[in-house]
Structure formats: C-alpha cells, structure tokens
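One chain, subunit A, links the two complexes that follow: it is found with subunit B in the first and with subunit C in the second.
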Partner chain A sequence: MTEVVNELVGNPAYRHILLNHLPITGLAVAALVLAWSIFEGRWASMVFGLALCLLTSASAVLVMQSGDAAYPQLFERLDGHGQAWLDHHVFLAERYGRLIPVNALLAAGAIGAGAWRVAWRRRLAIAVLAATIASLLAASIIAEAGGKVRHDEFRTSNPPTHDSQGREGGDARPASAGPPLAMRRLTEAQYRRAIADVFGPEIEIAGRFEPEGRREGLVAVSSAFVTVTPSGFEQYEAMAREVARQVVAEPHRARLIPCAPADPARADAACSEAIVRAFGPRILRRPLEQEEIGRRVSAAGEAATRAGDFFAGIELIVTSLLVAPDFLFRIESVLTDAGADGLHSLSEATLASRLSFLLWNAGPDDPLLAALAEGRLSDSEVYAREVDRMLASPRFEDGIRAFFEDLFQFEEFSDLGKDPVRYPMYSAKVAADAREQTLRVVVDHLVAHQGDYRELFTTRRIFMTRTLGPVYALPVQAESGWEAAEFAPGDRRAGILTHASFNLLKAHPGRSSPTLRGLFLREALLCQSVPPAPANVDFGLFNADDNPQYKTARDRLEVHSSSASCRNCHALTDPIGLGLENFDGMGRHRSSEGGATIDASGDLDGAPFGDAVELGQVLSESPLVGRCLVETAYRYAVGRAATLEERPLLRQLERRFEQEGHAIAPLMREIALSEGFLTAGRPAEEGGS
Partner chain B sequence: MSRRITRRRLLERTLRGSLAGTGFALGLPYLEVFLNENGDALAATGAPLPRRFGTWFYGCGMNPHRWNPEQEGADFALTPELMPIERVRQHVSVLSGFGVVLAGETNHVHRTGVIGTLTGGAPATTTENDGPTLDLLISDAIGGSTRFRSLEMAAHGIAKDSYSRRNENAIQPAEPTAVDLYMRVFGSGFTDPNAAEFEPDPQAILRRSVLSLVAEDRARLDAQLGQADRARLDAYYTALRQLERQLELQLSAPPPLEACRVPQSPEAGPVSQEIENVVRNHEAMARVLALALACDQTRVFNVVFSAGASGLHTAGSSDTHHTLTHEEAKDPKLGYQPEATRFVMRSMEAWATFVEILASVPEGDGTLLDHTVVLCHSETSDANSHSVTGLPIMLAGTAGGRIRNGIHVRGAGETTARVGLTLQQVMGLNVAKWGFKANETSRPISEILV
Partner chain C sequence: MTIPAENPAEKTIRSARAFALARAVLFASVFGMGAVACDDSGRGAAGRGAGSDPLASADPPVRGYVMARWSDEIPHDDPGECPEGLNVTEVEYFPEQWKKYMAERQRVREAEGRFIRWDHELLPPDACQDPLSQPDPGYLTLDGPAKVAGLDLDGVDSTKASSEGNACAHDDFTSPEGEAGVDNQAWRLMGCVRGYRPNDLMDRLHQSNTMIKEGGYAILMEISGMDDPLDDDAVEVQFLSAAAPVTLDALGEPMEQVSFTVHPDATYQSERARGRIENGILTTDPIDLRLKIKQQTQDNAVFYRDARIRAKVLEDGRIEGLVGGYWDSENFWSMMNDHTIGGTPQGRNAAFNRGFMCAGLYHAIPRVADGHPDPETGRCTSISMALHFEAKPAFVIRPRLAQAD
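And then the complex of A and B:
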C-alpha cells in the first residue's frame, strides 16, 4: 500500500495526471456553486462557493509544478507529434496558466472583504465568478493541448510550431556534465573508404563485416554501441593482412611505398619510419607519437630480420595499423579544461574526425591533418574555413550520400531477396541500381542543385539505367551507365517515395507491405514512433492474398482495423502505406490486385491524398518533415540522441533550416559549428554505464 | 627455431607411452593406435575425447497439439509433427512444456522466446539482455583449447541472424554459406592433426607480433574512455587475445585425431531463404561442421536453420513462413494452418538430418554425436499468437554418456532456464542455479540425466 501511495505522490507525472482535473472539473463545479449562492443571496453559501473557487484555483499551482517536474521523463517517451504537443501545452500553460492562481487570491480577498463590508458581498462574488469562468477557459485551452500529448486519438490537426525557447527541465533533470562522447565503430562503408583513401581504390578488400544494427533510427547511433566479437576480429585481422599483402606487393609497391630499403633482404629503420609516418596519421586519423612510431619500426625490424625480407616488416606495420582499436573505432576525447558552462571542448583530433566523417563520411584528408598537426584547429576561424572548404569539395556528396543511405535504411539491400517466380524481373543488379537511383536523385537535388529537402518527395527528376527500364516501363537510350530523365507532369510517379528502391525494400519477398512502408514513413521521415505489435494478436480473420474474399491489401488490412488491439498502431501506418499500393513488391506500377482496382487514397494526419504522387505532395507540406530531418542529421552528427538540454539548439537549427530554404549544406554547416557538435562532457564524470 | 615435428616422432612418443611393448605397429587401424584401452580417451595425451555443445535454432515453432507427445518416458508415440525425427529418435530427447516465464515482462515478439531460453531471462527491452547466451557461457568455460571458441552458421544465408550474443551490441556473426564455413575452418591456418609432418606456419609468428604491438596501446586508450566504452574496448581486447590463443595453437603440433578427415570444399550453390536452398545449404554446413568437430577445431557451435519470424518461403509463393503463421486461415477440417505447418515439417526434417550427420561420424567407441549435446529450439510454440510457453525443445546426443536420449519429459509450464542449467552442468560448468528473476532456477531436469 505504501508503495502505491509513494508512486502516486512521488512520481510527478502521476501527480500531474491526478491533480489536473481540479482546475477544470473542480473549477466548473466551484463556478456553479458560486453562481447558485449569488442567486440565493446568502453570504454563508457565497463563502462556501468562494472557498471552493479558492481551493480549485490554487490547485493549479500544484498541477503546474508537477507538470514541470514531469517534463523530462515524459518528453523522452513521446513521438514527434507528442513532443510538439507537449511543447505547445507548456507554452499555453506559461502564457495563460498564471491567471488561475490569481483567481485564488481574488477569492481569498473577496472572502476577507465581504466579511468586512456587507454591501460589497454580492458584487465581490460576481467579480470572482467572472474571474473563475476566465480561469476555467484558460485551463480548458491548456488541457485541450495537454490531452493530445499522449492521446493520438485526440490529434485532429498538426501541432502548431512556435518558438518556445526549449525548457529548463525542472528538478527531475539529472545533473549532467554535458552530453557524452561517442566511441563509434567504423561502418563497412567507412572502412572501405579509409582503405581507398590511404592506399587507392585498386586495393581489394575481401571479408565480412560484423552486423551494424540500428538505434534511434540510425546505424550511426548503433555504431556507438556495437563492439567487436572474436569472429568479427578474426575477419578484421584477415582483411588487414590481405590489404597489407597487396600494399607491399607489385604492382602497388612502386606507387605506395615512399622509399627503397638499402637492402631489401634486411631491416631498414629509416625507410620503415618513413612508411609509418606516411601511413600512420592517415589510418589513425591523428599525428602519431614518437613512441608509437618507434615501437612499430623496431617490430618491423625484427620481422624483417627473421624473414630475411624488409617488406615482411612493412606488412607487419600496415597490418598493425589496420587492426588497431583506434582505427576500427573512432575514439573521441575532450580537452581537460572545462568552459564556464562546464562543457569541454573536443580535442582537435576528435573534432577533425567528427567533421570529416559528418561531411565526407571519411577520415581527415591531408590539409585537415596538417591543420591538426600544427594545432591550428582550435582556432575557430581556421575551423570554420575548414568546414567551408569541405562543404565546397566534391566529396561532400559522399557525406550526403552516406547520411541518406543511413536515414533510408539502405543497408537492408544487402539482405534483400525476392521470389524469382513472382518477380522474375528481380536481380541483384536491379536492387543495386534502384538503390543507386534514389541516391543519385538525392545528391543531384540536394548537393548539385542545392534544392529544398522537402521537394525530394515531389521531384520529377530521375536517373535511369537499362536494367531499371522494364521496372519503370520507361524506354532507356543509354546502353550502359546512367541517363537523366524526367517523369512527365501527371505521371503516376513523382518524388522518391515512388522510386523502386523503397517499394522493393519495404515489402515481403513475394508481395508489397503497406504496413512496412507506412512504418518507414512514420518513423524515418516524420520521426514518429509506432508501438510494436502486441504478442497475442488474433489474425484469424486475416487471410493470405490467395483468399478470394480479400483481393487487395486494403481489404486485408481493414480486418486489422476491425480489431481494437490492432487499430491504434495500424491506423498510424496503414493509411499512408496504402498510398503506395500502386507499386508492387518489386516497385512496378499496377492499378489492380487480384482483379480488383487498387484504391491508393488516404490521408496523412488529416491531409487527404488520392495516390502516391499526392502522398508525396502532402508529405512535403508536413511541418514534421523538415523538423525530423534536422533531428536525424543532428543524431547522425553526434552519434547519439539529442539530450533534453539540446532542444533549444535543435529548435534553432530548425529555424535556420527553414530560413535557408531547407537546403542541406547550410544545415550541415550549422550543425558543424554548433556547440553540441563542438563540446561534450568528460567521460570520467559519466555516472554508471 | 622451427623444430620439425614429424608424425612419426609423435607416434613413437605415443607408442613409448601407454602402448609400448604390446606389439602394435604402424599398420594398424587408427582406432587402436590413437585411443586408450577403454576407447574413451586419446592415447596421445590421455585426455578424454572432447565434449561438445551446440544449439540448433529454427523459427516460428510448431502447433502444440500436433507436436507435444502424449506419453512421457521412453515409449512415447511420435506425434504428427515429430514424425520426421523417427529415423533418429533413439538419439533425441523431447522436452515439452518448458517456456519463458514472462512475469510481467513484455513478450517482445520473436525475441523473448529465443533470448529468454538462451540467457535464462525474459528481456525487459529490445536493446538489452540479462546476460550472455548459453553457448557463450559454455564456450567461456570449455572453448579455450580449440582454434575457434565457437562456430556460428546460418543456413538461410543471413550472417547477422545469430543468437550467439554476449549482449545486444556483441552479436557473433554467422557464416552464411557452407563454403564460407569451410574456408574459415579448413582454409588457411588449418593444420591437419593427422598430417605426417608438422611445420609451424611462419606467418603465425608474424601475426602474433602484430597483435602484441596493438595490445600495447591499451592503457593510453583506456584513459580516455568512460565506463561503457571501456567495456567495449575490453571486448575488443578479449577478441584479440582469442586470436592470439588461436595462433599459439597453430605453432605447436596438434595431437592426432582418429575421427578427423579433411573434407573437400562444398560446392557453392544458390543461397537464399527459399526453402530448397536453405535445406541444401544446411546439409552442406552440417557436413563441414561435423568434420570441424571431429578435427577438434571447436567444441561449441550455433546453427540457425531459419531466423525467428522466419523468412523461409517456397518458390513462387507471396508468403513467408512467418506471414503464413499470422495470415493463413486454419483449415477447419485439419485444425491447423496447412501451408505454415509445411515449414514446421521441413524444419523437423532438417533437424533429423543434422542429428544423423553428427551420428554418422565414428569417434572413439561410438560416434561424434555421443560426445556432443545439441539443443534444438525455437522462439515460439504457437507462432500465430507468439506464445513463449511450451516451447519446442529437443536434445540430441549424450555429451559423453551424461544425457539420456530417446525419452520425452513434460515440464509443467516451467522455465526453459531449467534446460540451460542442465546443459551447463552436463558440460561441466560449476553452476548450482541459473536464470534471472522469475526464470531463476536451481533445478536441473533430472529425468534426462544419466
């Protein structure tokens, strides 16, 4: 029993929910009692009515206090819409909520004054009644927004966006020394890029990478959680040896090895050192200390002597760099001295890596390494110049490509398979081209044309290959390679959602999946969370697509909507996923399924659409789309979810994104220059794990 | 420094030992030469034949009313969904009625059943488990003396679908094809224990110095890290030490092993989740694995036939096993989903094939399977409702005469942690109780213990 009481009283969210009826239903009852007492005219009744007004109005103080305290724990658990509604709820409470306690003072004053001046009693009571009704109105306005925080069934419109300056979290906010650093394992793409950058794209990499996972919607965040398993390490070591073998062997030796040993059958410390100095900083993404160089040179010497081959030693050096934990992981660090706000600046090496992985998805290049070696990067002007140089480089495309591959969950292409009988047109080449096609459109629109991110969902520009021609039922002139094209106005396709890529990926091996598609739209593009399916679902009514009763996916999914336990989540995913039903599990257009015409109409949170093209239009107009991209890009940049303290920063980034016409380069620049990107707490101050 | 150790010298040593003066000569069959007089230990080292542990997982369970046997004990009648194991029933014990006890935890669909059985705890979230999986507990104890602590393989071809997990951030990837498995075990770095001559690989010495060079950076890196990341770096160094150990083993001659034959590389075939491809890949993997065990390259293995929420499908169908379990109508006459159940039957057949392959390799006075125990399990019983009670569980092999085969034991809705506890004890781990919260138990399943 004490536990129950403790939970009810001790948990501010609970307290808030328990008490928040008082300033509404309580106030309404108080107003009625007061009105009756005025009509009746007896002072004793009026005092009772006034006292009720006093108590119910005063309760608003407790409600607001508990609400403030509950904010951080609640905010974390909400989807994008819920967070926006919570902010709006707080905004309204701050603006109008203060009226209500004032009413309590008025009622107290009226009781006092009425006892003193009999003639004023009635007028005082009427004044308090008026104030009580005003308070009731204010409370209702606040509560109306509050109800939508957790209850999506109340959300009939999109949450209003306004410049609420993100909130201080109140007492429940954990005392934190700042956001944590991220120790990220290189992704497969980053590993491959690193080898190509240092040794050239000719070097072959044979091996398998460990699963990368996905957290907070991104591989980039998961990479800050994954470790290396014994069999994963075995693979890294084998790959490293194979790369090293190629590096020291012809034809690459002449190109890559910067010096010749005095005698190729013996150790040569000077040449070994030159090689460590040439490769070391580029592989480990920082200048090497003399001691580290010395150890590698002497180990190379021993190996060369043992094997009677100078290059055996060099192979050892290269392998040792490629299996080093500070190559495989991006290990971040901060400077020892904290700023006035308790935050620590990132070490220069960490800063250089963060920046170049954000903008290029690769380690620092030579100019950045030079600035790093000379200790110039902590100069904010030098840093800003580097940011601009890298944004202007053609390699910025690689960075944007990597970000969108992650956002779009394109790594799933590597495990994609389709039923060859259902989809004889499917091949690994189709999958690879479909993936590349969407990325080309993204890069072309966002980088080459500096376009508005939201227009990705409506753009008619497309790139085609011969392989993709039959999928799109479009003629392709180019015999090989890529060809720019445009969907005609009024075409059944426009915007990236109508590309083969998403429709291939978000589908089953033998058919489409409106649920998977809708889930992707909600979670990845709108940053809303959809609860997982309950375990004990009764699918008894729901039949496979060869059941004559239900011809289209819509028919089958409507069965879900008839069951209350399914309805809540499927109501989030299916109506928008069904908008893409004109594309089969292969991404081909179709207008009917099982002989029945497909109805691809629906609505996105109240905005109606008739088909996939209109769905793209509606999506591009949603205020959540831009906001979601900003949040995702920030998570991607820092390798973790934004903390509560960083919300003002996110809002600021959002505003800048809007002001810059939703262009990607200015957003990345703002992120790279933001305090959240440049600083962190000290690891030693992190509590627990 | 690379002293040549010939097979002849090893044999001389052997003969001077336990068999000296008994008149054996080189021409005798391996069996007598390599084994001691009881046939249960290697003569060369006097060490008992290795004991192995493995898991064999398939997705989407079964139909409880058609799978669970009626009678308990040795004379139980095979039920319709157990018919495929008839040819190996003497090697298999069936455990019905054991499940993951939720006790208020969410049933994370297609996750709780498998992670619950393997970690002894119903996971509270989708990102954290209560402990390492059973195979890791066992390989931590017995895996140190072989080249690989464990081998993971996924017959459906998806490397990341592996249930061997230190935690959710350290999932041991599986070999996705029989060829990959073959290359890993019998490719470079493999030393035939029965080869006539042994010469330590000079590469292994070089590789070892690379690793010790890297190991020296540890203190410097540790100093920069917070607690959680230090633990991750720790996992990296554990992996590194494991490879060092592997290289050390390569530098000394392995004791000869009678059962070991070096197989031919399997043929590369199509790998996908199409059932015929999975069955083919699985059988080829099982053959490579059997010889990997016989050659003592590992003593722990994890086979995934199909993942949880199984994506297996038949050519030309728009459905997968998983979607069928939810969407196919129950045939009113049969009382089950006929298409979905077809995948259950194919899984049971594959399991029987697996058992048969391990039982076909002679070892000591019995077979490889006699010195092994394999846990067959799935993430659900009735997949339609994602039920984690009464999971389908079977044990094959006696782990060196420690487990009774051929019987049916019925649990009364108790935790699968009892199975895990039993297996740890059988594998020689000194544990008296295992499992977390509501799944904690100190009661092994005594009915199957010899």
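And then the complex of A and C:
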C-alpha cells in the first residue's frame, strides 16, 4: 500500500493518468446534476451540482500540473508519432485548458452569490451549466489528442505540427530557443584528416588518442563533453612535434614549404610569415589576426637564431599551431548582437567549421576560408551557395561516412575480438572489411544513388571482398579490392542489418547477442531508450549456450527474462534482436543452434516478421526510422541533444525529409540552413563564449 | 584410408527414395550454399549462392572445393616389412668423403658464417643431378606383403609371380580394411626409406599438413551435375590448380567457402572425369592430372596419369577419401630431385634428410613401375600411388571473369 501511495505521489505520469478522467467524466456528471437541479428548482440541489462543477473543474489544475511534470519523462519513451501527439495534446491544453479552472471559479462565485441573492440562483446555475458544458467540450478536445499519445489504434490521422510560436501548422521557419554553444574536441578521424588535408596523406601520425566516449548515442555529442588530460596533451604535443619534423624535412620540405629562406642558417621573417599564412588558417580553421601572425613569426625567428637553423623555427610554428586549442577543439562563438527573437547568430568562423565538419567531417577548405576571410559567410545567399557546393563535392561522401560510422557505433570495431575456437574465420581483416562493406553500401545508396534512407534496410546491393566471401559463403570474382554484387531475390540476406558488420559488432566474443542487437535497433535506429540492466543480473544460464535443455538463444532468453527485473527491458530488445539470430556472432548465416532450428520470427511494435530480411522490411516501414535519423543527424550537426523547444524544428525537418523521399543530402541541407544550426542562445559572457 | 564399399544402413535409406530426397535437401541446406560455384555468366558474386536451393534448379549447380589435406598415406604401424633394414644415405655409403665435407662445412660456417654447397668438390658427383655419375648402391624396396591404403587401379588382385611376361606385373597390397588388390607401388618404393617410416620426417610433414598449409597453389576440385549428394549416377569432376595458396583460419586450418582464381596456365586444369555417387561414395573414371606444386624448395608440377578418386561425400559439405593413379616415373624422379634454393640444387640435401641415395632410387624406379608400358620397349613408365585428401567447399573462379571495381 505504501508503495502505491509513494508511486501516486512521486510519479506525475501516474497522477495524471489517475486524475485526468475527472475534468471529463466528472464534469459530465456535474453538468447532469446541475441541469436536474435547475429543472427541480431546489437551491440545495443546485448547490450540490455547483459544488460538483467546482471540484471537477478545479481538478483540471492538478491534471495539468501533473501533465507538465510528466512531459519530459513521457516524451522520451514515446515513438515519433506519440511524441507529436503529446506535443499537440500540450498545445491544446495550453490553449483551451485554462477555461476549465475558470469554470471552478464561476461555480464558487455562483454558490456565494446565490446564497446572497435568492432571485439570481436559477440564472447563476444556468450560467455555470453553460460554462461547464463549454469546459467539458474543451476537456474532450484536449483528451482526444491525449488518448492518441499512447494508443496508436486511435490515430486515424497524422498529428498536426506547431511552430515555435505554437501556431498549429505554421509555415514560419521554426526557431531554436538558443541552446548553449559547444566546444568539441577533434575526433581521431578528424585530426588525421586535418593533417592529411594540410600536409598531405604522406605525413605519418604516430600516437595515442584520448578515448572519445559516446553521449546521446553519438561520439559527435560526446566530443563536446571531453577534455584533454595532461597525458593526452603530451601525446598531442608529441604527435605535433613529429608532424612538424616531417613537414620541414626532406622529402616533404620542397613540396610543403612555400618559400626558401635567404639564409637557411638564419631567421627569415618574410618567409616565416608566408609559412604562417599558408598553414595557419587551414590548421586553425579561421583567418589569423596580424598580431598572432607576428607573434608566431617572432617566436620562429628566436628559435631559428638560437638553433642556427631557419627550419627549426618553422618546426616550432607548425608545432605551436598543432597544439593550439583552436586546432584541437572546435570552439564555437556567437555574434554579440542578438536578433529580435533573442537568438545569436554564430560567428562566421564557427559557422564555417560547423558546416564543413557536418558535410565533410573536415575543416573548411580554401574557398570556404576565403569566404570567411572576406566576411561574406553571413550573407545567407553566399552561405547557401557554399552549402550546395559542399553537398555537390565528392567529399560529401566523407561526411556521410563519418556520420554513419558514428550512428552505427563503428568505433567499437577497434576493440573487437572473437574467440578463435568459436569463430576461427574471424580476423582483423574480416572486421575491417565488414565495417567498410556497410559504409560502402551506405555511401553508394545514399550519396551515389541518392536513395531513400529506409531502403538501406532492404537493399540487396552489396560490396564484397575475397576476405568477406567465406563469411557470406559467396563467390567473389575480384582477386583484390571490392566488387559490387547483389543478393538474389529471396536470399536470406538483404539490407544492412544482415551485414556481417552489425552481427559481428553486436555480439559477444563467443556467441551472438539478441539483446545487444535489439538494443542497438531500439536506441540507434529508432531513438528509443532502454533502461540499463540491473547490476545484479545473473547471466549464468544465458551464457551456458551448451545447455542441452535450452539450445537456442530464444530458449535461454525466455528463461533469463522470466524474472521481473529483466522482463520489461528484454521485452523491448529481444523480440527484434532474435530476428537476427540466423546470424551467429561472426555474422555467418546459420539455420540451427545446438541442433535446434532457430526461430527468427518476432514483431516490431506489433508488425510481424519471419526472419532478418522481413525485419529489415518492417523496420523500413516504421515511421520512427526516418524520424530517428532526422533527430540523430541534428544532434550530430549541433553537437548536443535537441531541446524540447527544438521539437517543432525537428518536426519540420522530419516533414521535409519525407517530402524529399528520405534522401540524405536534402536533409543535411535543411539542417545546415536551419536556425538551430545557424544560431545559439545567450553565451555565458556577453560577446561570445 | 579406404572408404567402406557400402554402408548397410545407407542401403536401406537408398531404397526409401523420398527419405533420400529429404536428406539431400537437408544436406544441400548445410553445404549447398557455399559450395555452389560461380558460373560462367559473369553475374555478380552474390547472384547465386546463399539462399538459393540448388536442388530446385533444373540445371544442377557446379560445386567447388579446395583441398584442405593432400598427403601420402603412410602406415602408422611398423610390422617389419623391411627385413633387410632401411636404405642408406650417401653419408653411410661414402663415409670418408662426407666426413671431410662436413668438417669443411663446419669450418666455413664458423669462419665465414655461410654454408658450402652440396655439389662441393669434396663430395662424390651429385647423383640427384646425374644419376649415372655414381654406381648403383642398391636400393631396398618394400617387397613383402603389407597393409597399405590405396585403390585397385587395374581391377586385378595381381602378383608378380602369377603374371609372367607382363613387365608391369607386381604384388598388390591389402588395404587396412582388408580389401585386396591395392595398387600403390610408390609405397613399395619409399616404404623402406627412413624418412617415410611411421612418425619420421615425411609422416610428420603429412600429419602437420604442410603440403597444403605452406603450399603455393591451392588444389581445387569442381563437381558438376551433382543434384543428389547421396546417389547420382552422372557427375563430372575436374581438378585445377589455383593461382594462390589456401587461406588459413585463426586456428591454422584451411578455411572453407573461400574464392580461388584458377591458375592461368590451362595445363593445370584436368579434363572432366565422369563420376558417380552411390550411397554417398563418389568414384570417378581415370583422367590425367597435372597440379602445380610450390612448397619449401619445390616449385614444379606433379603428373598423375589415369588418376581417379574414391571418396565419401560428408553431410557437412566436405569430401574425404583417396586419389589413386599412376605417378609418371620421370615426373616422380623430377619431383624427388628438382629442388633448388637460390638456384642451388637441393635434391641431394632432400635425399639425405629423407634417407636414401638418388643413384639407388634412379635404378629402383623401373623395378617398381607398374603402369603405362612403353609400346616400343614394354618398359613401365609410371608408378601406382595413393593420396589421402579432404576437400572443403570453396568457390572456383575463372580468371576471365575477374572484375574488380
């Protein structure tokens, strides 16, 4: 009993569910009682009816308070349409809900006034009855949307959308409420790419990078929450010194150093300045002020003089640029003046970096830096042209690869290992090719063919190598490199979920894992949250895959998840994860486990499937898949989770994504042009962060 | 090893045709996917294979295999078939010369850190290069009866005594399972060589499967027309050399389902042998077989004449059994002696390590040869032999289809 009371008091969603009938059924009963009392003409009856109206109308205050409190908790647990209906429910409550408490005040006033003036009693009661009926109508409208939040069987139409001003179906560009700016550390891939872009791929980078982590489902978001430890900085410095050494040494010197000093044994300010101007903007991703150029030239001159070697000074310049916070971090800033809506535009340098890393996963190139240096990027037409130029570039493939590597959690490949006894076919080359295979399919489908994102889960197109051939039990013509192929119609594989990559990655070293696979589908591809497992879970039975009584993973999971503490979460993950059980922990197809036939059937939130291919089909038809990609792409772009205020923006992006056939390039364009991407809220200090 | 001629239990199954078909389907589901070889149409790699039921096709698929084991059948017991002992090496036959040579070899090694050549002037002439440069030292062959694996190649349980006038006549062996008429004169030739005795050098090399694991060219086999792996009265079998070695897995074993491009030299693609499967036992008619061999100091090709197989088609997709045939005598001599390291002949070294003298072997080969008599001289020109093999499903890729992006 105590638990029930605690639940009732402590859980606003529970309170909301318990109380939200009162402003409807309660009001309806109160209206009937009041109508009867008016017909009867007895004041005592009228007072009873008015009191009922007062109480049931007043209950709306508690209902709305508990609803507000439950909103964040509930929102995250809902599917995409549920979230939209919740937003609409809130919108209606804010618009019409205030009428109901007013009815409570009116009823209270009627009771008081009726006690004072006998002649007014009947007219007062009639007035309250009319207000009660109006309140009942308002409550019903609000409840009608609320009922669709959790019950998709009631959803006969798509939920209306709302703009940032709460206008239903508004066409105005949705605005971000101005979330905080980010300071993101370069990922290892971005660091390597930056060095290759500036100095060429021949320059070797030897060193250990700090762990990157994952937040809000993305490394890109985590990068805004990591720092550089002292030992990590030592690594960065060591790498910078080594890169600088290579840059000034032959054979790279002649190619990279844009000028020759008058005397190699002495400082040369003019040549040093030319070098700073050549490397500085590309490394720091912004134009350099004359003062900081002078500072670096001066330091280089001093070093050259001391060492008696001009290139010792250049080495210092390069090293200093590569350990600069402006290089290691993407430090964002905004313009001082806020717009009419209180939002601050990003500084041009921030905007250039945001855009370039979003579309290319690299720093700005020379044309973008030129636009930045000339201050033209704040011109929306110039900016839009840059967006289109970068989308049309072959380097857009790099950006899409980086995004999907992050979304698919492919950084886990670096730590992947398999039990060689269970999976003797596994090798580092298999893992590398499996990762590359899926990325090739993604880029080929989304960029080269501008395909529908949802078709990634059904496409039969594949790329193979001789290394992967045995995993797929397929012939590969090309002795080296990649060859395009296609799974035959009716094949047991279709779509990226049947690729070796996911099934290798989302498995244990010695066996498959329906739970890890289901968790990945829920969280990464459907943007649903699954609570973490309790600390004291007994995995003994599940790990014993040689148990003759429970031969298949389905058998073992059914027993394992029979305990109350496991049941709820496994109910989310396992039904879909088991759909991939025809693929072992190596990604090879199998029909049986332990001698028992594998049953890979299940359902995705009510949509049935018979095997992994059908699971991909069902997934591709889920409205959540496209919505989730939009949300994830937005998080990836801005480096943080979307705020509740940005929901209308996301809804608009989602709508545009649908209109554009779920193509990735238009989505990235919409994001790059959205106010959420272009602006931020008030910085910590006036004038920038 | 020898495959049992017939399994009574499977005979019962064979009579139940419907059940046999069901088993065939089950079998196909296990190995059919990977073993379905790429056709010649040039279609994409995944166009056929996983998911397609080969039995549903009107045109039975071509199944590819790679040899995961390919080794001499060396008996693992020693019942004393060599009553006169084992063959000697040059070290025992020319002790003084070899003593001086070894001393010089040791000196040079210590002084200069190098080895002197095997064709050094301190040694007798290298009979592995010029077999008549030394006297015939006599060569001990395994002349008595013995239990040896192999196939009855000539269909006769013959003895030398009962076949007077036939220069190729020989005493047949009995298989370990008791089958008479086994033709395996290669074992008669090498059976009394130390390195071929149980658990000695060659046996250990065969046990560790170095021929395959360290080989330069995988050995491929294609079976076409096999629409029932248990009973099929018409299949075709072809042997091919690959252009690359086998791929080893993390446990060091040859991996299955690997794609192999065949060697560009058509010499190393055999004719297609007609074959049949009865109760899961695959047998073929004879064909000549040339296979590229590259292992350690060898880089040449074997030539087996009238080779045929008898092997069991296993439910996991592998095929295991024997290859029997006649090893061309000249090729046999060549394979034993044509070893070089950096251009230096290594036949003498190999003979020393295995335990025989090339001069003796040269003269012994005609004595044991039992196949392909020369029409003019009547002299036999090949030696019956047997190899144990294990084939795993693989994909045989014709080079003209290669299409990398």
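Definition applied: the second predicted complex is superposed on the first by the 505 of 689 C-alpha atoms of A that agree within 3 Å, B and C clash if a C-alpha of one lies under 4 Å from a C-alpha of the other, contacts with A are read in each partner's own complex, and residues count from 1 in each chain.
The criterion applied here is as follows: contacts are C-beta pairs under 8 Å (C-beta built on N, C-alpha and C of every residue); 3 or more make two chains touch, one makes a residue touch a chain.
All of these numbers come straight from a predicted model, not from anything done at the bench.
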Subunit C versus subunit B on the shared subunit A, clash or fit after superposition: fit
Touched partner set for A:M64, first subunit B, second subunit C, both or neither: neither
Partner chain in contact with A:R492 - subunit B first, subunit C second, else both or neither: second
Contacts of A:A312 with subunit B and subunit C, given as first, second, both or neither: first
Subunit B versus subunit C as contact partner of A:S591, first or second or both or neither: second
Partner chain(s) touched by A:P420 [first = subunit B, second = subunit C, both, neither]: both
Touched partner set for A:L629, first subunit B, second subunit C, both or neither: neither
Chain touching more of subunit A, residue-wise (subunit B, subunit C): B
Touching partner for A:C271 - first (subunit B), second (subunit C), both, neither: neither
Contacts of A:S480 with subunit B and subunit C, given as first, second, both or neither: second
Minimum Cα separation, subunit C to subunit B, after superposition on A (Å): 10
Contacts on subunit A seen with subunit B and repeated with subunit C across the two complexes: 420-421
Residue ranges of subunit A touching subunit B (in the complex, touch as defined): 180-181, 183, 208, 210-211, 213, 215, 225-234, 237, 241, 292, 295-296, 299, 302-303, 306-307, 312, 315-316, 319-320, 323-326, 328-329, 331-333, 415, 417, 419-422, 508-511, 532-533, 535-540, 542-547, 556, 585, 683-684, 686, 688-689
Footprint of subunit A on subunit B - complex, ascending: 106-109, 112, 126-127, 148-149, 152, 158-160, 162, 166, 168-173, 180, 184, 202, 205-207, 209-211, 213-214, 216-218, 221, 224-229, 231-233, 235-240, 242-243, 246, 272-274, 311, 313, 315-320, 323-324, 326-330, 339, 384-386
Residue ranges of subunit C touching subunit A (in the complex, touch as defined): 29, 33-34, 37-38, 44-52, 64, 243-244, 247, 249-251, 253, 255-259, 261, 393, 395, 397, 401-405
Partner subunit C, residues of subunit A touching it in the complex: 420-421, 423-427, 462-464, 466, 469-470, 472-488, 490-493, 589, 591
